[in-house]
Structures are given as structure tokens and as C-alpha cells.
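So, here's a batch of structures to check.
Okay, so subunit A shows up in both of these, paired with subunit B first and subunit C after.
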Partner chain A sequence: MHIFIIRRLLQLIPVIIGVTLVAFLIIQLIPGDAAQVMAGEAASEEQLEQVRENLGLNEPLYVQYGLFLADLAQFDLGESVRTGQPVMELVAPRFWITLELAFWGLVVAVSVGLFLGILAANKQNSFRDFGTMAAAVIGLSMPNFWLGLMLMYVFANQLGWLPTSGWGDWQQIFLPAITMGTAGAAIIARMTRSAMLEVIGEDYVRTARAKGVKERFVIYKHALRNALIPVVTVIGLQFGYFLSGAVLTESVFSINGLGRLVVDAIAQRDFPVVQGTVIVLALTFVFVNFVVDVLYRVLNKRIELN
Partner chain B sequence: MTTKDHTPVLKVENLQTSFFTYDGEVKAVDGVDFEVRENETLGIVGESGSGKSITSLSVMQLIQSPGEIIGGKIELNGDDLLQKSKAQFAKYRGNRLSMIFQEPMTSLNPVFTVGHQVAETVKIHKKMGKREAHQEVIRMLKLVGIPAPESRAKSYPHELSGGMRQRVMIAMALACEPELLIADEPTTALDVTIQAQILELIKRLQESTGMAVMIITHDLGVIAETADQVAVMYAGEVVEQADVKTLFNRPLHPYTQGLMNSIPRHDVDVDELEVIRGTVPSPAEMPSGCRFAQRCPYASEICNTHPSLAAPSNNIDGHTDAGAVRCWIYTDEWDAEGNPMKNEEVQQGS
Partner chain C sequence: MGSTVNQSPEREEFAKPESRFKSLLKRMIRNKSSLIGACILIFFLLIAAFAPFLMTHDPNSTDVLNDFQGPSSENWFGTDHNGRDIFSRIIYGTHLTLYVGTVSVAVGAVFGIVLGLLAGYYGRILDSIIMRVADVLLAFPGILLALAIVSALGPSLNNVIIALAIYNIPVFARITRGSVLEVKDVEYIQAVRALGAKDAKILFQHLLPNVSSPIIVQASLQVATSILSAAGLSFLGLGVQPPTPEWGAMLNSGRSYMWDNPHLTLFPGIALVLVVLGFNMLGDGLRDALDPRSKK
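Showing the complex of A and B:
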């Protein structure tokens, strides 16, 4: 197990290099003169030179990348070209908001997804099964922002049960969390259903019945425990996607998270901020995947060694 | 060994189990009768697909959709099992009748320790508490010959060999001292030396508890070693039933004779037979008469009518009480038809 974790950690190194390289190249790949794009058309020659100097654009590429990595290692993501604030200070508080949002979205996705998946598998090919799976297809194909707007219209504007926007109060959690969690719930429901159906045909489930275990426990104890193994992977991946997919939900509900930050930064051509956000999101994604991998391994150890 | 006068522990009458597939009804078990008595072992033998497993799963009511028991009667010491509700019958399973399976590798749940899985049985049926159940687990593991039962109880199935897992399955099956143990090919997946040990273990446990045992196998060697009574199955039917000595000395049904001809090699599988030409007819082309007719060297006109399982008529010396056979040769009609085939010639086939 330790060896496995160490090996997985070593495998992260090239991934992290790749991620940072891509983030680094964002500025390099801006068509035209990056300094010009950032400073705007009206910028004077001195101003441009100043921007270039600040960003180190006059150095050779590999030196720039080296400096970039060295800064990164000290949690220095550079400064905003608009406000001069350190990017780290901008990103950190918003990162927590996005993390919270993703967490609640995941809570919705997992609880609803597992519940519906088991319900459907329990009565395979019944009306309930078809109904649940049809709902899953709809949930999956509904665009996030549209769902968010609909929810907001019905529950906030029309019924007035919940606030339309913002983040901080517990009432403000529901609509964004449902918006974020719906697609995930649909994926998890389908995954749970197929995993359950597969496991229910296994010999050990028959053994459990042969022992006189009540059908309820056959399903929820003997089968579900095994069916959860592949589902955990999907759940972990969902969390990664939530973090990056938060952008739209945050815009719809005016939540001041990373998504809003990056959208605003792009609009203002504040590339160091874009770069910093991308790095934080990507590294979180990589980290979550690593944890899921290890978790999957722990759950799966007993089977894999067979 | 055989205790003929006892009322049977298990009595199966006219059992019919079918699968309702898109291609139509598959009669996997079609009118099977047999009995198993206390302290007695019934061996069921037959080619792959003859309905042995479906028969035993039917007794346990473990048939899954699209399969269904569509007729017959199953009695356990006089209790009509097919009349029980699902919840009622769950109290019987693992308690009054148990089953062990062919694949010890996949028959134990990979995510629970073996101790937990054995304990589950006694917790359910004997309402034992945690500690008491644990004691019982250790006692059972010891009984089935698992070394260091205290620490083995904490093992997960993947940490045990196939033979050890089958012992765990046996411990689990016998923890509540069932009246009947069904073993569906319990040794097929194991090494030859382990096979002998497992069969020996089942026999020893049977002697100490007096339970009835139903053992299902491809392997006539296993039958010879373990069974008191034998039922030979073909295409969902019992075609011959006799005590083991009689069956081996004088097989009556042409199919049984074919099986016996493969015996010189003790460990041969029924499936590897070359003696019986052809294969089991598929459900779609199942003949309405004798199901073995296409492969039977003695088939004649009368065989187009379905024969019934009956004691052979006394036209064979010393075989009036030799169990039952499903073949026209052993009926008075065979001679009455003026059939050219003489019974002596049939006997030469063996």
C-alpha cells in the first residue's frame, strides 16, 4: 500500500509539470504582444515596457519558466496587472467559496444519485426503473445555467422561498447546490444502478440468500458494499469537475467564487489572475484524483489480489 | 448405510422449473422425483446442462428470473416448502437446509471477513449475540479443519486457498445443523488431493450429525465414493435411479450404460465421453418421445412415445427391485411389440 502511494505520488510529478507548463504558456500564447493586450491600446511605450518588465517577458522563455516555478514553490502567483494585488490573496478566499459550493453540490449528487440508483436496480425493468433512468437522462442533458435560472425563477422569484443569489447564509446553499448536483446525481444514479445489477448476479449474493439473509440485507449489505467500489471513483471525478464547472453556477447566482474571479479577469485581460486560478483549479483536480485513486485501491484491495 | 424404512428428509415430486426466455420456454427441470433420507447421500449425475444445478437451486428456491418453479412439490421432513412465503422460507435457508457451491473462489463475499460471514448465519438463525456467535464461529472453523481458527476468522476470502474457502463454506452451511445439505459440484474447482479431503470432511460431518446429503457432480468417481443412492439426469429428467452398487454393477438405461463405459479412467468427466455419440437435444428440438432416442443405439418405434420412470418389469433377472428406469426396454410393452432387440444384447453393451 505504501509503495502504491509513493508510486502514485511519483506519477504526479509529470502531471504537475504539465499543468504548470500549460498555465505558464497561457501568457505566451496570447496572440500578439501580451503586454500590449494587457495594458490596452492606449498604453504608452513606457507603460508597455513596465508591464514587460513586471512579467519578466524580456527574459528567454526557459528562464521565465524557471522563475515562474520558483515563485510558485513559494505560493507566489504574481500580481494582478489591474490592481497590483498579489494573485494569491485574490484567489484564496474565493477558492474556499468554490470548494464549499462544490461540496454541497456533491452532497446533492451523491445522496440523490445513490438513492435513485438503488431504487431503480431493485426493481429492474419496472416502471420505477424506467422513470428513474428517464429522469437521469433529462438531468444529464439539461444545461447547468438553464436549470439554475429555472430554479431561481420558480423558487426565488415566484414562490419567494429562497434567496435568488449570494453565498454565506444556509438558505443560499440550496439552489446552487441543486444546480451543481443534478448532472452528477444523474451520472451517479446510472452508475449505481448498473453496478448493483452486476453485483446482484454474483455468486456471493446467491450465497447470502442461501444462508437465509433477509432480502433487504442481501441488497443493502452484501450487494451495495461491493457495488459502491466503482461508484466511489465516479464520485471523486465529479468533485474535480464541480470545481472547474462552478464558473457557470457562480455567474448565475452571483456567487463570489473562483469562477466569477476568472470570468472577470478574462474580461479585464488580467492574465496573471487567470493563470493563478487555472493553476489552483488544476492542482486541486489532480489532488482529488490522487485521493480517489488511493481510496479506490483501499476499497478494492481485497478483490484485486484475487 | 441405507436406511430404507425412514421417512425421507427431502421428498421432491414432479418438480418442474422453466426459464421463460425470448426464444420461448426452456424446461430445465421437467418432472423430477427423488427422495433423500436421513444419514443418506443421494448423488445426482448427468451431462452438463441436464438440469442438476437447477434442480438443487429449485430446492433452495434460489431460482432467479426469468426462471420459475412452475410445478411440483418439495417436502422437508413433511413440511411443504413451496407453500411457504418468502419470509417464512428465508428462515429455513441456511438453517434447516443449506447449500454449498462449485466456486469457492466467488461464493464468499470479498468485502467481509470469513468470520463475519460464518457468524452471520448463527446470528440470523440462532439469534446469537456477537460474543456467542464468535465462539461458535471458532468452533465451526475448527470442526471443518481450518488451522489457527482464531486468526483465520479475521481473514478475508482472498487470503485463503480454494480448499480453505470451501471449508469455510461448509462451516457456514453446517453451523445451524441442517437436516439437508446440498453440495453442487463441491470439489470440481479444486485440486485432486483437496477434492478427496473435502469429500472426506462432508462424510465425516454427515456421520456425526446424521444429515441427509445431496451431492451433484459430473464425476462418477465422486458418486462411487460418496453416494448411497444415485439419480441419473438427462435433459431435465431423471432417467435412472438406483442404489450405488446396483447402478455400477448393472446400469439399465442405455444412457447410464454409456456413462459407465467411460469409467476405466476413474477421474473422467461425463462431458468428455466419446462413448455416447451426439449431444443433448436443445429445448427447441426436444423429442416428444424418449429424449435420449436420437443418441440411443436401441431406439425403436415405441420410443416415440415418452417413457415413464418406473421399476423395471421382471424380465431382467434379479432386477425387480433395482430402483427405477425411464426406458421402454424394461417394460412389458417392449416384448409385446415383438421388438427384435433382446435384453441380453442390451446388457452386453455394459
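Showing the complex of A and C:
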């Protein structure tokens, strides 16, 4: 197990380096003079030189990347071109908001997804099964930002039950969490259903039934436990998608998280902020995937035995 | 050897390339999900093809005196903040949505398939390099990579396609490589190799057809994802620019007036859901139809 974790950690190194390289290269993708784009059309030659100096754009590419990495190693993501504030100061407080949002989205996705998946698997090919799976594929096909707008219109504007936007109050959690969690719930429901159906067909479940174990007990104690193993992987992946889904959800509900930050930074052509946010989100995703891999390993003892 | 008696009729039929396509088509029709998905997509393809005849108004002609009209017999889906006919704008926008989704997947798939074939077939260092790069690109969750690329290239339809194509490459590379590893050592491929076939011929004529099923399924699901991502980018103002009637952009401009005029955001959203649903159902159905385990 320790060897597995160490090996998996070592595998992370090239990915982390690659992620920083891709984020670094974003500025190189800007057509024309990057400094001009960031400083604006009206910038004087001095201001342009200042931007180039600050970002090290006068250095050769590999030196730039080396400096970028050296700063990164000290948790320095550079400074905003607009305000001069360290990017880290902008990112850190918003990171927690986005993480919190993703967490609530995950709560919705997992609870609704598991519930519907079990419901469907319990009575395969019934109307209930068909209805649940139809709802799942529709949930999967809905753009989350549109769902957010519709929820906002119905529950905030028409019914007045919940606040339209913002973050901080507990009432403000519901709509963004449902917006984020719906597609995930759909994926988890489908995954749970197929995993349950596979397990229900196994010998030990049949044995349990034959022994006269109560049906509910069979489902929860025997079937669900084993069915959950592949579901864990999906849940981990979903968390990653919530991090990127936050970009749209935060925009819909005016939540001041990383997603809003990156969208505003793009609008202001503030590339150090864009780079910093992208790196933080991607590395969080990499880390979550690592944790999920290890968890999967722990849960699935069969893999270890082989 | 030369006697024709040994050749059973089934064998002959199996050798015909179209019989495979026919059997796929048959299984697709039997599968309700793919059938419904295909019908939805044909519906939207027809809308896109005959858009000029279906539009009741010029999608870009503004009529300020007639703004924010609710759905009526004159404007079926109502009018927007500039008095433009929403029904006509959705009809016109159909081809944009289908175009972005399919082209970005097609481009991403071509590059991804070639890289996946090379990685899977040659293995070793080439495999390591290609797959590590794919790992890195896949480390950016969801639309984050596309967002980063478009932020640098600038907002436009073509840049969205470029960004989504790049986002699609590692997905196809990974799935192709995995399938190649499964089939590259089967006797049939070994036999072709022993006969002295060139690598390019083995790769594209023999390996590719044998790994095409999962790729086709993935392509359909990936178009759905790409359409959602493209609409999301337009919604953030990073994709197709107004006044072009792209559905995501329509949602973005409509949301400011949504409180009193929900029809501005309702109809483009429903159109999006339906198209994406079509690709998702087609993909799901194809997966079931192509999965050898589910064959009856």
C-alpha cells in the first residue's frame, strides 16, 4: 500500500510540471504583443516596458519558465497587471468559496444520485427504472448555467423562497448547489444503477437471498457496499468537474469565487490572474484524483490481493 | 483449398464491409435510446438545412417598438430586448451549434486517433510521451483548458473550435490507445504483420476498423459535451459574439431581462437541452448496441 502511494505520488510530478507549463504558455498564445494586450491600446512605451519587465517577457522563454517555476515553488503566483496585488492574495480567499460551493454541489450530486440509482436498480426495467434513467439523461444534457437561471427565476423571482444571488447565508447555498449538482447526480445515478445491477447478479447476493436475509438488508448491506466501489471514482471525478463548473455557476449567481475571478480577469486581460487561477484549479483536481485513486485502492481489496 | 464447398455463405457475408454497417444499423433501430437520439438529431439537422425557409423573420433585424413581446402568433417565441424574433434566431443558431460541436470533435478525434494508434501500436517511449502529455491536458477539469486557450486567443467562433478541439484530442488519444492495446496482439493482426504489411497499412486499414466502436460512441457523447462547453463559453462572453444568434450568447444577453421576460432565456435553453439530449441518447444507445456483452 505504501509503495502504491509513493509510486502514485511520483507519477504526479510530470503532471504537475506539465500543468504549470501549459498555464505558463497561455501568455505565449496571445496573438501579437502580449504586453500591449495587457496594458491596453493607449499604453505608452514606458508602460509597455514596465509590463514586460514585471512579467519577464524580455527574457528567453526557458528563463521565463524557470523564473515562473521558482516563484511557484514559493507559492508566488505573480501580481495582477491591473491592481498590482499578489495573485495569491486574490486567489486564496476565493478558493475556499469555490471549494465550499463544490462541496455542496457534491452533497446534492451524491445524495440524489445514490438515491435515484438504488431506486432504479431495485426494480430493473420497471416504469420507475425507466423514469429515473430518462430523468438522468435529461439532467446530463442540461447546461448548468441555464438550469441555474431557470431555478433562479422560479424559486427566487416567482416564488420568492430563496435569495437570487450571493454567498454566505445558508439560504444562498440551495440554488447554486442544485445547479452544480444536477449533472453529477445524473452521472452518479447511472453509475450506481449499473454497478448495483452487476452486483445483484453475483453469487453471494443470491446466497444471501436464499438464506432468507431480508431484501432491504440484501440491498444495503451486501449489494450497495460493493457497488459503491466504482461509484467512488465517479464521485472524485465529479468533484473536479465541479471546480470548473463553478466558473459558470458563480457567474450566474454572482458568487465571488475563483470562477468569477478568472472570468473577470479574462475580461480585463489580466493574464497573471488567469494563470494563477487555472493552476490552482488544475492542481486541486490532480490532488483530488490522487486521493480518489488511493481511496479506491483501499476500498477494493480485491485489487490488492491480485 | 480451392473448393468452394468449404466456403459457407455466412462467411462470405461476414467479409462484406457493408454487412457490419447493416447489422449496426439494425441493432441501433432496435435500441430505443439511439433511435430517439437519432430522430432528435435528424430533426435539428433538417432545421439547420432548411433554416432560410423556416425563419419567419430576419434573425438580426431589430424592431425597437416591438421589444419584449411575449410568445404570440406573430412571434412564436416572442421578441428580445432589440425586438428581434427569438424563434427565427433559434432556427438560425441551430447550424452554429451543430457546427461547433461536430467540427471541434472531428478535428480533435482525427489528431487523437492518430496519436492513440501510434502510442498503442509502437509503445515504449512514444507511448510514454504521448500519454503523459494527454495526462497533463486531462488534468484541466471540464472547460478550464478551453477557457484558458480562448482567453489568450480572444473570443470568436473559430477560437472556440480550436480550444475545444485541443480539449478533445487527449480524450480520443486515450480511448484509441486503450483499444489498440486490446487488439494489437490478436492472431489476425499478427498474421497481417507476418505477411509483411507496412505499418501504415496495419494501423489504418486493420487496427483502426477494429477499434472504431468505442471511438464512435465517444464521439457522439463528446459532441454533446463540446456543445455544452461552447454554449458555456458564449454565455461567459468568450465565444460567438453578439449579435450573432448563437444559443449560449442569446442566453447571456437574455439573462439581464429575465425577471420580466423569461421567454428570452427559456427557448434557447430548451433548444440546447434537446440537441445535447439527442447526442447523449445516440451515444448511450450506440454503446449498448455495440457492446458485445449486451448482444442478444
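For this structure, a couple of remarks:
One rule holds for everything that comes next: the second predicted complex is superposed on the first by the 302 of 306 C-alpha atoms of A that agree within 3 Å, B and C clash if a C-alpha of one lies under 4 Å from a C-alpha of the other, contacts with A are read in each partner's own complex, and residues count from 1 in each chain.
One rule holds in what follows: a residue touches a chain if its C-beta (ideal position, glycine included) is under 8 Å from a C-beta of that chain, and two chains touch if they have at least 3 such contacts.
All of these numbers come straight from a predicted model, not from anything done at the bench.
When both complexes are overlaid on subunit A, subunit B and subunit C end up sitting side by side without clashing. Judged by the touch definition given at the top, the superposed model places A:I266 against subunit C, while subunit B stays out of reach. By the touch criterion defined above, A:H222 lies against subunit B but remains apart from subunit C after alignment on the C-alpha atoms of chain A.
Among subunit B and subunit C, the chain that touches a larger number of residues in subunit A is C. Looking at the shared chain after the overlay, A:S251 reaches subunit C, while subunit B stays out of its contact range.
In the superposed model, A:S111 makes contact with neither subunit B nor subunit C. In the superposition on chain A, contact of A:A208 is made with subunit B only, not with subunit C.
By the touch criterion defined above, A:T83 lies against neither subunit B nor subunit C after alignment on the C-alpha atoms of chain A.
Contacts of A:N58 after superposition: neither subunit B nor subunit C is touched.
Across the overlaid pair of complexes, the angle with its corner at the CA centre of subunit A and arms to subunit B and subunit C is 80°, in steps of 10. Superposed on chain A, the gap between subunit B and subunit C at their nearest CA atoms measures out to 9 angstrom in whole units. Taken together, the two structures place no residue of subunit A in contact with subunit B in one case and with subunit C in the other. Taken in their complex, subunit A has these residues touching subunit C: 14-15, 18-19, 21-23, 26-27, 29-31, 137-138, 140-143, 145-146, 149-150, 152-153, 157, 240-241, 243-245, 247-248, 251-252, 262-263, 266-267, 271, 274, 278, 281-282, 285-286. Residues 201-204, 206-215, 222, 225-226, 302-303, 305-306 of subunit A are the ones that touch subunit B when the two sit in their complex. Residues of subunit C touching subunit A in their complex: 33, 132-133, 135-137, 139-145, 147-149, 151-154, 224, 228, 231-232, 235-238, 248, 251, 255, 258-259, 262, 265-266, 269, 272-273, 276-277, 280-281, 284. Looking at the complex, you find that subunit B touches subunit A at residues 60, 62, 64, 86-87, 90-95, 98-99, 101, 103, 105-112, 120-121, 124-125, 156-158, 169, 172.
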